[in-house]
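All remarks here apply to the structure that follows.
Per-chain residue numbering starts at 1, and chain names A, B, C, D and E are given in the order in which the chains are listed.
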Amino acid sequence: MSVAIEYYVLLSMALFCIGLFGILTRRNALMFLMSVEIMLNAANINLIAFAFYHGNLTGQVFALFTMALAAAEVAVGLGIILVLYRNFRDVDVTVPTTMRW
Amino acid sequence: MEGLFDYAPAIALFPLAAFVIALAFGNYLPKKGAIPGIVATGGSLALSLAMLAAVAGGEEGYYHDTLYTWAAGDAASEVGPEGIEFTFGILIDPLAALMLVIVSLISFLVHVFSLGYMNDEGETGLPRYYAGLGLFTFSMLAFVYADNLLMAFMFFELVGLCSFLLIGFWFRTRSAPSAAKKAFLVTRFGDYFFLIGVIAIAATFGTLQFAGNDSFIAAAEAAIDGNEQLFGFGAETWVTITALLVLGGVVGKSAQFPLHTWLPDAMEGPTTVSALIHAATMVAAGVYLVARMFGYYALSPTALAIVAFVGGFTALFAATMGCVKDDVKQVLAYSTISQYGYMMLGLGVGGYVAGVFHLMNHAFFKALLFLGAGAVIILMHHEQNMWKMGGLKDKAPVTYWTFVAGALALAGIIPFSGFWSKDEILYDALIVGLEEPLILAAYAMGLVAVFFTGFYTFRMVFLTFHGKPRSEAAEDPHGVGWSIKLPLLTLGVLAVVAGIANLAPVYKLTGIELTFLESWLEGGLEGTTYVAYTELLGDVYDTGFIGTESTTVLIAAGLSLALAFSGAGVAWKLYNVPEPVRHTEKLGGAYDVLRSNYYQDEYQVWLAEGLTLPLARAADRFDQTVIDGTVDGVSTASLFGSDRVKRIQTGIVTNYAALLVTGFIVLLIVLGILGGWFV
Amino acid sequence: MMIEALIAVALVGALVTFIAPNRIAGKLAFAISLIPAALSLWMFTVFDGSGNALLDGELAFESQMEWIQLGDYTISWFVGLDGISLPLVVLTTVLTTLAIMSSWTPIDDRESQFYGLLLFIEANLIGVFTALDFFVWFIFWEAVLIPMYLLIGVWGGPRRKYAAIKFFVYTNVASLLMFGAFITLVFGLGDAVTSFALPEVASAMLDGGPEGFLGVGGSTLASIVFVAMFLGFAVKVPIVPFHTWLPDAHVEAPTPASVLLAGVLLKMGTYALLRFNFTMFPEQVEAYAIPIAAIAVISVIYGAMLALAQTDLKRIVAYSSVSSMGYVILGLIAYTQFGVGGATFQMVSHGLISGLMFMAVGVIYNATHTRMVTDMSGMADRMPVAVGILVAGAFGYMGLPLMSGFFGEFTIFFGAFGAEQLPYSELFTPLAMFGIVIVAGYLLFALQRTVFGPYHLETDYEVGRAPLHDVAPMFVLLGIIILLGVAPELIFEMITDAVDPILENGGEL
Amino acid sequence: MAVFELPEWTALAPALILVATALLLFVFDSINPRTSNRSLLAGTSAIGSLTALGVAVWFMLAGVGTPSVDGGRGVVELFGGQFIVDQMALFFMVVVAVVTALVAVASYDYMEDHAYQAEYYSLVMLAATGMATMAAANSLVTIFIALELASLPSYALVSILKNNRGSVEAGLKYFLIGALSSAIFVYGVSLVYGATGHLQLDAIAENLEGAGEYGGLLGLGILMMIGGFAFKTASVPFHFWAPEAYEGAPAPISAFLSSASKAAGFVIAFRVFTTAFPIEATTAVIGIDWSLAFVILAIVTMTLGNFAAATQDNVKRMLAYSSIGHAGYALIGLAGLSADGGQLVMGAAMMHLLVYGFMNTGAFLFVALAEYWGVGRTFEDYNGLATQAPVACFALGIFMFSLAGIPPLGGFFSKYFLFVGAIEAGMLVVAAALVVNSALSLYYYARLVKAVWIEDPVADRGTLSQPTGLYAAIVFAAVLTVVALPVFGPIADAALDAAAVVIG
Amino acid sequence: MTTGPRLRLGESLLPGVLAVALFGVMALVVLNTSFTTQMADAGYPEGISITSEIGYAMLDLTALQSTEGNVGNTEPFLAAFILIAVVLDAALDASLVLAKRESEGQPVAALTSVSGSPGSTDSSQVATTDGGFGDEAETDVAREDASDTETGGEDR
């Protein structure tokens, strides 16, 4: 129980950057979505760790909200991916490039 | 009589009214506007004569009044008052009164002549013609009685406008508009210096009055006496500079070298116009201006000498060119230039009376010659080439005899008017020249010019009237009416007798008081009288005599008369034959030079078209490419930048994420380093 | 409230005209424009102001109303007239009326919009010349651009799109520069000012100037602001080398727009220079006298040379405007009563004369559908009256005495010659004066080739006499030009009255 | 003004009215899922948003949210400080409500063939609720949730033309960048929480001192939160979604997003940075003035937006980039904050957002009209529209010149007050950038005016109909843009007062 | 199914460097931060039910909240709670709109697979008013609808 707070933060940062790595390298929309979830959860780790650190529950409660919002985001995201697939017959996020410049 | 002066403005306003009437209603009037013009100039003539009488009979002998303040304001002048007023005023002193009479008389005669020359010949656009004449007469008269330099300048410019309009009267041809443009442009070039002069004088002395205690002439004299520094120059130097600047306008208007080139071209206008404007009056404006502010020139020996030298040179220079012309009007044009050179010479050597005297005489005989030439042109069905004339002597005696009278006057044959005035000028030049080598050179040129004058004058007379008719037109001349003969006769008489006005040699030889003009010019406003000028000139020029005064007079008169006769004699010998030939081959290469007017036109045209125009085109190209190119370049560069910037948006969302993260990292690093987050 | 009435009439008139049917729009707009013209002439006769609007003068028709409180600064609706602005207002109203009449012939498309825009311009121009609060002034100043942009763009010549956008962007950029400079100045003045009212700023400037801002010292700041504002206005005037928008805009604009552009819009720049730079910065004027005078001379000569090289009549007149504006700058920098007063007079005079010239060229264009000097000759044969006026206008442009142009030029030259404020004025003045020779050169050259000579026309049109409503406005203008040339004191007196206070602060009086 | 006292929670009435309208639309939808009674739906939305607008204006005039010392009714704190209703909140509620109303009216015609009428309007109203709530949110929790409430329906709205590739692509990009940004934002929140132990803005400010050692962490958190705001306001470098989203989305939604959503993004930025991170205290902790970040962002954003807009061929995309440019202008409001004030510059930014609400919405609605007519999307396609639809094109001219900041239109004032503010704050570089960009922007705004007014049509098009709703919305927006001139005094007062309260 | 979602490997990992870089920078920040409080000293007071405290905080039941120790500093979350209800509503609405498919211009329930052939009239209700890609998209949709009726469920 006495892991130093730095490591929690570093963990969350690592997670955050892993998520980011996914976003930057994966072209599949679903992977993209999942990566975003990882990043959100990285924030949750922080929140919970800091809640403990500060001894109040604010962070913990906020983490709950974050999860709910993540779910909502995924719902909308999947809807968009659905119409994306219907239109482009692909879920590769790099395919839709009809608008640029 | 004094109350009469209240009507002085009307002298100029009559022709102005004629101008308005002719312009507005000319088309609906009988004679298309000639009648109002004749009435108005007649009125002006009558009033001018009345003024002459009033000046002669009045106690003060002059009239000077400020009519109207054009503009006033504060301006610090070098010396003089803190404020300045630009006004319109009338100054009628003996000089102005004389000139008023000359101008209104000739204008009146030209109007009458025009009935025969223009109306009867079925010209179109006559209202325009009479309006132009009216406006010209107005401007010229107003110029003459202007009491200050600015007003003089303004009407000086306006006569230039009228000259432009009237030269270009036959605007449907190619040559007339071109000549009109040239006339205005060349005189404008002179006026440019004139205007600088006006402004410099105003800025220096805070006044532009010609006469009176607050005149700039008086102020200049005071400044010279006080050894003031004006604009960093000694007062006399500055007076010289400003006087020469004003002289620029004079040189332009009076067609002196090197701005004489417009006058021969100006012969594209109707001959009546040439008579009125380009011989008798407007061209005289320059000389008149010098006479008007003679006191100012008299303050500067340098300026006077330059006036004299320019005059002498022009007299000779133009006379030589007059010898080879074929067009009767061209001959007259060069003779005009030459004669104004004499006047300048006269004024420049201090012969104030002589200059004014010649101005008057020349006005009469040159107007006569031009009108005579106009009559000839009518006779010849608008043929102007002398080589196609001949033998008109018997068919048009009135024209012939009046023309000969004018020619004798022009050539300076005793006792015609021209002799007296020209002789006086040469005499004045000689006596000064004996002490001043430069003036002597000017005198020499003037003297040589007498020979050429005699030659070209009689070459013209003989070619035109003598010998056998050399064309069909000459064999069957067109008749001329009373409206032509009447002015010719009037002027013919004047050309013969006008010399009586100032028989200075007679006075000098016999002591008989026949110098009416001199005594006339002795009157007037203090400081503008001949007496005052004589005093001033005493400081400027020393005079010398060859032997006694009488011998000098005789030598001078004899020399010029001999030269005039020999010139006339040569012409007699060469051209008073039934079938005259050109004799040009005798001149060899000189002929080409003369024929080309010493290439004066060429270099001036080159200045305008060979130098200025390419320069302007270069400036234009510079403007289009460099200056405007810079403006457009900024816009092009912006749009190019825009095109690059928008390429960042590749359309691939992963790239966006990458760029976004990049941006974020950059921001983080910048702020982190600045905020010390990494240490 | 008279000024408000003036502006309101024009604005409402613009709206009414905008929705009126095309058929009657021209006549309607003319009728409406008579109201401000009459009103301003009436104001001219009852004018009772004295002194300079910015320097404790007695304003005529003053009206002030608080509008916006912006932090520590108040923005007010503040208008009034003094001897400088009144002639320009009259010029605006009269010229607009005449321009409307002169558009009856050439404008045959979307008339109601066209005339609506003309009236809208008029409203804004009046505003520019009457506003005494910087923000209000700037609103009008910029708002002029929109209608002019459209006038050029919609009804202009073949390259109208390029010209319109160039005009719009170029002059606007300059305005932004000027705006920034002025705002900086206001902040630099610190507590001395609590509003953007020009009189307040002016008095603060004269009472010691800016304290400094952002570490820049007071006098340095004043110099920077002076230069920046000068550059900003230089584009509008325009002064070489910022003039290139002008020929394009003038040439492409429809005739009535050219009339207003040359007649009034260019005056905005010089008016602003007088109001701002030359009223508020006497020290800087002195310090920068030589470069500004040099620019003025260059504008005169270079502009005239450019005009000489042109073959398009409108382009000739356009470049000659550049040249003429150079005189105005010279008069201003002379900083004498005659110099500045003459410059102001010249603004009015050039407005009238260039308006006349553009109208005359427009009438010829209406008949021939070409403006190229090379395309025609002998036009005097077919349209004597119009050509007569063109010739008269050309001579007015050349500064023929007894026409207003001569008075303006003469007073400028006289004021500049030997001006104490301006070193080497005895050199600058004659150099600039050489413009009067070149102007004669190019105008006469153009006249000789176009209106004189045997009749000839390259384009395939029957040329007849110009209709009365084309010629009438030109007669009116010519009348005013001659009137002002003969009796310049009509406005010169009130101008000098308003100019004197400016010079008390540093010029030569 | 109010003669009776309302309970405190009613201070949130504008947001509540919006959400109630959304729920009402749900009810309609559930009663008749396939209703095509557009009048009812659009009318309800319009009435709802107008009511919200009315209430917000009324509250503002009544002095709700003005500190009592100034004679107002005091700032209302609700839910233990989770929400706060002050003048700034009300000001932005007005902005949101106006834009929503315009969009609702315009959508009546634009969406007439669409299958999901009720859903469309309810999503609009929900997003509007989110934006209005953002204006009042006073805790990072509520801010984040409100942000999501505004975002999620927006994603759907952008891609609501489901068979239109552009719309879908736009939605996808918007969503992906949005998700990434909200992840970054929430991570930033977590770091701020880590540093201060609080999420309520006042509490954060109070605990800044205690966070002394965590300067880097707090700074990183703040920067990440800036990222979140930058996304919402379409500022560099989080702007990448904007051109595509605005271009692909139905035009009324583009209007909605670029005006209301942007304004909402700014209001939370204003609130967070003034309330939670007062400059002096924060600088002491993180070692750097955060306004520097906004200076950089402002300059880069306005430059990029305007430069990219200059050569666009597609009108909507041009407007999208111009919208980015305007975000840059509004960012000056944050960049200009400093320890000793910034009321002027922030107030100017608020005014700009309000006026921008009219003029930009109007401009996009004109595009909506053009799309409705089916004339095409490029500048060329717009050529000569003025001859056929002078009224709408007149309005477009007003919008364009107003966007360009030319008097006498509303855009002039706000933009120039920003300019004044920037100079007052001593940001000459920013002011210079503003000038350069304004100059460039003139070019492309004028280009659109040129297209409709000056150019001749390239091809014949049939007669153009005059859809009531779109026309009404456009004309209304134009009138507001013009009327802004005479009534700018009160607007400026309101904005400056609001800014003063927040800055304290 | 051949065109269904699939994992793609072997793509360019280059942009990933950015993530690594970011991690480096962020880690640098953390490593330079000195956390004074030891984790061991932190934490919640004994004897308090964290879960119930969370519940109280969420519903603003201040009266029930523990007043002891640091936990008492927990902020109220009622407003957020209400708000997130609306958010979820919105998310549901949004996802349903997107997920629904249309037939004959009428929305069809999101969760059914329609076996009937989606008519070509599909396009009639497409709002192509922004004019760009309508045609292309329509054909795509038609093709997709025809061939892929059962994937809808699976995609979800």
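Everything that follows uses one rule, which is that contacts are C-beta pairs under 8 Å (C-beta built on N, C-alpha and C of every residue); 3 or more make two chains touch, one makes a residue touch a chain.
Small disclaimer: the values here were computed from a predicted structure and weren't measured.
Asker: Note the shortest touch-path length, in steps, from subunit C to subunit D.
Answerer: 1
Asker: Indicate the lowest number of steps between subunit A and subunit D, counting one step per move to a touching chain.
Answerer: Contact-graph shortest path, subunit A to subunit D, evaluates to 1.
Asker: If I average the Cα coordinates per chain and compare with the overall Cα mean, which chain comes out closest?
Answerer: Chain closest to the assembly's C-alpha mean: C.
Asker: For the chain pairs D-E and B-D, which is connected through the larger number of C-beta pairs in contact?
Answerer: Answer to which pair has more contacts is D-E.
Asker: Using mean CA coordinates as chain centres, what's the gap between subunit A and subunit C in Å?
Answerer: Taking the mean C-alpha position of each chain, the two centres sit 64 Å apart.
Asker: Measuring from the mean C-alpha position of subunit A to the mean C-alpha position of subunit E, what distance in angstrom results?
Answerer: Distance between chain centres, rounded to whole Å: 9 Å.
Asker: On a C-alpha centroid basis, what's the spacing between subunit B and subunit E, in Å?
Answerer: Roughly 97 Å separates the two chain centres.
Asker: Distance from the CA centroid of subunit B to that of subunit C, rounded to the nearest Å?
Answerer: 37
Asker: Give the residues of subunit C touching no fewer than two other chains, as numbers and ranges.
Answerer: Within subunit C, residues 169 contact more than one other chain.
Asker: So which bits of subunit A are touching at least two other chains?
Answerer: 9, 16, 20, 23-25, 27, 29, 53-54, 56, 58, 61-62, 65, 69, 72-73, 76, 79-81, 83, 86-88, 93, 96-100 - these are the residues of subunit A that touch more than one other chain.
Asker: Two or more other chains touching the same residue: where does that happen in subunit E?
Answerer: 15, 18-19, 22, 26, 29-30, 32-33, 35, 73, 75, 77, 80, 84, 87, 90-91, 94-98, 132-133, 137, 140-141
Asker: Judged by the touch rule stated earlier, which pairs of chains are there in contact?
Answerer: A-B, A-D, A-E, B-C, B-D, B-E, C-D, D-E
Asker: Please give the residue numbers of subunit B that touch subunit D in the complex, ascending.
Answerer: These residues of subunit B touch subunit D: 635, 638-639, 641-643, 645-646, 648-649, 651, 653, 656-657, 659-660, 662-664, 667-668, 670-672, 674-678.
Asker: So in the complex, which bits of subunit A are touching subunit E?
Answerer: Subunit A reaches subunit E through residues 1-6, 9-10, 13-14, 16-18, 20-21, 23-31, 52-58, 60-62, 64-65, 68-69, 71-73, 75-76, 78-83, 85-92, 98.
Asker: What part of subunit C is in contact with subunit D in the complex they form?
Answerer: Subunit C residues touching subunit D: 66-71, 110, 113, 135, 138-143, 145-146, 149-150, 153-154, 160-161, 164-165, 168-169, 172-173, 176-177, 179-180, 183-184, 187, 213-214.
Asker: Mind pulling up the subunit B residues that touch subunit E in the complex?
Answerer: Checking each residue of subunit B against subunit E gives 654-655, 657-658, 661-662, 664-665, 668-669, 672, 677-679.
Asker: In the complex formed with subunit B, which residues of subunit C make contact?
Answerer: Going by the criterion above, the answer is residues 166, 169-170, 240-241, 243-245, 302, 305-306, 308-310, 336-338, 341, 378, 380-381, 395, 398, 400-402, 406-407, 410-411, 413-415, 417-418, 420, 426, 429-430, 433-434, 436-438, 440-441, 444-445, 447-448, 451-455, 487-489, 492, 496, 500, 508-509.
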